[in-house]
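Labels run A, B and C following the written order; every chain starts at residue 1.
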Amino acid sequence: MVNRNRRSSWWLYALLAVALVAVVAPFVWMVLGSVKGEGELRASPPTWWPQAASLDNYTQLFSRLDFGRYFTNSVVVAVAVTAGNLLFCSMLGYALAMLDFRAKRPLFLMVLTTLMIPGVVTFVPLFVLVANAGLIDTLPGLILPFLVSPFGVFLMRQFISGLPRDLLDAGRVDGAGELRIFVRIFLPLCGPALATLGILTFLGSWNSFLWPLVVAQTEKTYTLPVALALYSTGQNSTNYGLLLAGATVVVLPILLVFMVFQRRFIEGIATTGIK
Amino acid sequence: MRRLPLLATSVVVATSALTLAACGRDAPSTGGATAAGAAVASGKATGTITIWAMGAEGEKLPTLAKEFEAANPGAKVNITAIPWDAAHDKFTTAITAGTTPDAAMVGTTWMGEFAGLDALDPTPGNIDRGVFFPGAQKTTEVGGTSYGIPWYVETRVLYYRTDLAKKAGYTQAPKDWAGLKAMASAMQAKAGAKWGIGLQAGGTGSWQSVMPFAWSNGASITKDNAYAFDSPQMVEALKYYQSFFTDGVADKAAPAAPTTEPDFVSGKVPMFVSGPWEMSAVEKIGGPGFTDKYAVAPIPAKQTSSSFVGGSDFVVFKSSKQRDTAWKFVQFLSDPKTQASWYQQSTDLPSVQSAWKDPALASNAKLATFGTQLKTAIAPPSYPTWEQVAAQLDSEVEKVTKTGADPDSALKAVQQQASAIGTGQSS
Amino acid sequence: MTGTRTPALASAPAPAPDRELAGSTPPRQGRQRRREGRAAILLALPFCLLFLTFTLWPVVQSLFMSITDTRSRDLRHPFKVDVTGFANYARALSDPTFLSAARNTAYFVVVGVPLTLVLALAAAIALDRGITRLRSVFRLGFYMPVVTSIVAVAVVWRFLLQQDNGLINTVLGWVGISGPNWLGDPHWSMPALILMATWRNFGTAMIIFLAGLQAVPWSLHEAAAIDGAGAWQRFRHITVPMLRPTILFVSVTTGIGYLQFFEEPFVMTAGGPLNSTISMSMYTYQQFGFGNYGYAASLSYLIFVVIAVVTAIQFRLLREKD
């Protein structure tokens, strides 16, 4: 095997470990801060290890929030948006990468163009549109505008264009229909890209705050980030303990999704056999 | 088929041209705004109303609502709590799409904008406006018409460490500008403070620190229904404010996230100006017994003692289908007994003056100071463009405090911007 | 991946998608094209429908707003506004705050994008090839900053960046450097934000690079190593060419994201001190907040133009070479 020199591996591990500590430190501080009291959080100089750790912030969070409902809403919305993106973006990405048709160039240009449009541009007109469609305060109102994303199309298109074209030719020679080639031959090869897109889409949807805030009128449609902001930010002051506890709670499902997707991703590689 | 793009393009161009040609503003209507809304029908309230309230108030309001429902069987009040973060955007988008609730709690600085969007219902004539603090009542008035009521208030006073002041040779709070400066300097010299007083050196919301001094000097932000920032009183106040920084009494490099409470408790910065919520904040860090180590005092006077009054108003939206019930709820909130009871539950200061006679408020010496200050506190103008103009003021104040810019030219620049932006009032 | 099946072909650079199949006869070509066309319509349909409704229409509406003097109060009667042509755009180009914002944004992108990409690629290669154990631990760790909400992150970073007791200045102090007042000094506020943004975003780029690296067959590296190529040569001549589409993708999306950077200054510095960190997007958002919808819409289209130009440049530079 190449580059398996024991010595160089050693310092690489050390370097990565230092980098890891630097990168993870703020996150660790956040979790430690969530068990501190408000006084300790505002103390100067700031403390690292909690002086009097307590789960008060968490009990407050769960007792004041209708946690089950907000969590379910967040999950439903994020899963729907992710599923939609995985399906529709890979469909169009494949078409743009592998098929030949008249509208291809303009369509790709349109996708790229949309990618470049700042989100703030469409916010207010989109809201008026959704209101006129009667989708305010509904979960579909939170899902539909984000069911496809130009980012997802771009990602899948780039990835698929790196796959060998002769698979396409081989499939056609075998007499398979175009769609069958897509579903049976190419889609299974898109494991890593789909996993990546899945993680990124889920994350974006899970953390999204402004849109659910304005679309939800009553608390039954709130998602987790909206509900958490409710209890931690005030008119003149912020409840830091609650904020950090809330942030920790919001983060955990994503880390779970990431770990699950990443493992499938590794499995996918291992089974196709890189030797 | 080649002609399709050409055909399509010409259709698009033609449609756009027609659309643009059809645009244009209507001539401004000359009708005057009604001074008061139609009176609310008497009798018990009925029907269901929805209410939006932010933050902690949103959490605690349902308790009050139950009292209202008990007194008015047949009425149901649904309260939706919304976060302060981006609440403003939630309101503006709801107004645009016509999805507003019946009534809501609204920040005082948003009133001008929402009234300008023609979203609010004028206060009915049979609600007595004289019961409120004058400054607070002004926060509900836009273009001469009152919309809703002031629900709870807050104002800014001087916080100072009594024990450190004694060390510096002071047993009483400063009563005038010279006294304030002297005391802050003495704190640095004799009581070991790094900075005499904590003042915001520009940045978002710094106008709330500067204006109390300007108002105490008799300055006014508006004149003849337009902005007037470059008055001599305002310049004098800004010069005074700047002197704290140039003389090294206040920290011009204060961080974006202030460390007010820890610095106050440690004695590093033993004086600052802020609102009632700081009392519990400093006591939390200071621990038991700290409440005896500090006091609050009205803003030192130049001509009078004045301060900023904020808080929240409670409004009814024009599109409400349950107008009577909504206003009855508002009346209920302004009842002195309800106001006192609300203070007990939320520590929000009542906007109704007679509610302050309640023992819970009257017996607390520190609160009494807030009550006194509220009598002379002033609110910024309720113009729709206030937030934008205030941002200009913040930006110039930053230059004045951090780089020593000349206050006179700074205020002239603000005035120029303010005139360009305009008050935003229609007709 | 697929490398084991046809190694020779897989090592070729990614083919340009619209190259015709060599050697097809015309009649087969015509039928083939029709089949492809039909399949393409079906595959593209969901995207196009959703796109038309939820993106194109709002874009047209805001384009319209940008050439009028629309204010927030006008949204109920969107056509009762005065058409002002390009007045908003002209005003933007002479607005000193917007020009400051543009300079700040350029600074951020020019420094931030390469920094993020280099760190992400280095991490991805180290994890993919350099080490064998603990891969998932490092991967998870490096990805963590991406996952946390900006509001929580801001609280933490403000403590880290404190002049007196912040962690960063403490660490700098160990090597004898006296750290500045990061967020309070107009010269150091941007570097602080760039550092924070890089920390937040390199994880995303890293996992995309990891996905791309998986498609580079190990067998190629082995073959090249046997021929005597060193690590750096293998990197330059095998990894980079095969990663080209991925690098293009990451560069474009990071560039687009950074050109719109908003959350970091919004939460950390509110654009200060002295307008040293205000970004174009933040200024636009402020204008929307003030109700100046027409002006804000024109600002956002100016941002769009900048993004389009920068993206086009990147495509030129990083495009797949045939």
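Heads up, the rule we're going with is that a contact is a pair of C-beta atoms (placed from the backbone, for glycine too) under 8 Å apart; a residue touches a chain by one contact, two chains touch by 3 or more.
This is a predicted model, so every value here is computed, not measured.
Novice: Counting only chain pairs that touch, give me the topology of the graph as line, ring, star, complete or other.
Specialist: Topology of touching chains reads as complete, every chain touching all others.
Novice: Could you compare the number of C-beta pairs in contact for A-C with that for B-C and name the larger?
Specialist: A-C
Novice: Can you compute the centre-to-centre distance for subunit A and subunit B, using the mean CA position of each chain? Integer Å is fine.
Specialist: 38
Novice: I'd like to verify one number: the distance from the centre of subunit A to the centre of subunit C, where each centre is the average of its C-alpha atoms, in whole angstrom.
Specialist: About 15 Å, centre to centre.
Novice: List the centre-to-centre spacing of subunit B and subunit C in whole Å, with centres computed as mean CA coordinates.
Specialist: The answer is 39 Å.
Novice: Which parts of subunit A, given as residue numbers and ranges, touch two or more other chains?
Specialist: 44, 124, 128, 209, 229, in rising order.
Novice: Listing for subunit C: what residues touch at least two other chains?
Specialist: Touching at least two other chains: 75, 151, 155, 162.
Novice: Listing for subunit B: what residues touch at least two other chains?
Specialist: 85, 89, 96, 98, in rising order.
Novice: For the complex, give me every residue of subunit A touching subunit B.
Specialist: Result: residues 38-39, 42-44, 64, 124, 127-128, 131-132, 136-137, 209-210, 213-214, 217-219, 226, 229-231, 233-237 of subunit A touch subunit B.
Novice: Using the touch definition up top, name the residues of subunit B that touch subunit C in the complex.
Specialist: So the residues of subunit B touching subunit C come out as 19-20, 22-26, 85, 88-89, 92, 96, 98, 113, 116-118, 202-204, 253-257, 384-385, 387-388, 391, 395, 398-399, 402-403, 424, 426.
Novice: Where on subunit C is subunit B touching in the complex?
Specialist: Its residues touching subunit B are 64, 67-68, 71-73, 75-76, 79-83, 151, 155, 158, 162-163, 181, 183-185, 268-270, 272-275, 286, 289-292.
Novice: State the interface residues of subunit B toward subunit A in the complex, per the touch definition above.
Specialist: 50, 54-56, 58-59, 78, 80-86, 89-90, 93-94, 96-99, 101, 107, 154, 259, 261-263, 266, 275, 277, 281, 284-285, 287, 312
Novice: Note which residues of subunit C are touching subunit A in the complex, please.
Specialist: Of all residues in subunit C, those touching subunit A are 1-4, 6, 9-10, 14-15, 17-18, 20-21, 32-33, 35-44, 46-48, 50-51, 53-55, 57-59, 61-62, 75, 123, 126-127, 129-131, 134, 136-149, 151-153, 155-157, 159-160, 162, 164-165, 167, 199, 204, 207-208, 210-212, 214-215, 217-219, 221-222, 225, 231, 242, 245-246, 248-249, 252-253, 256, 260, 281, 284-285, 288, 293, 296-297, 300-301, 303-304, 307-308, 311, 320.
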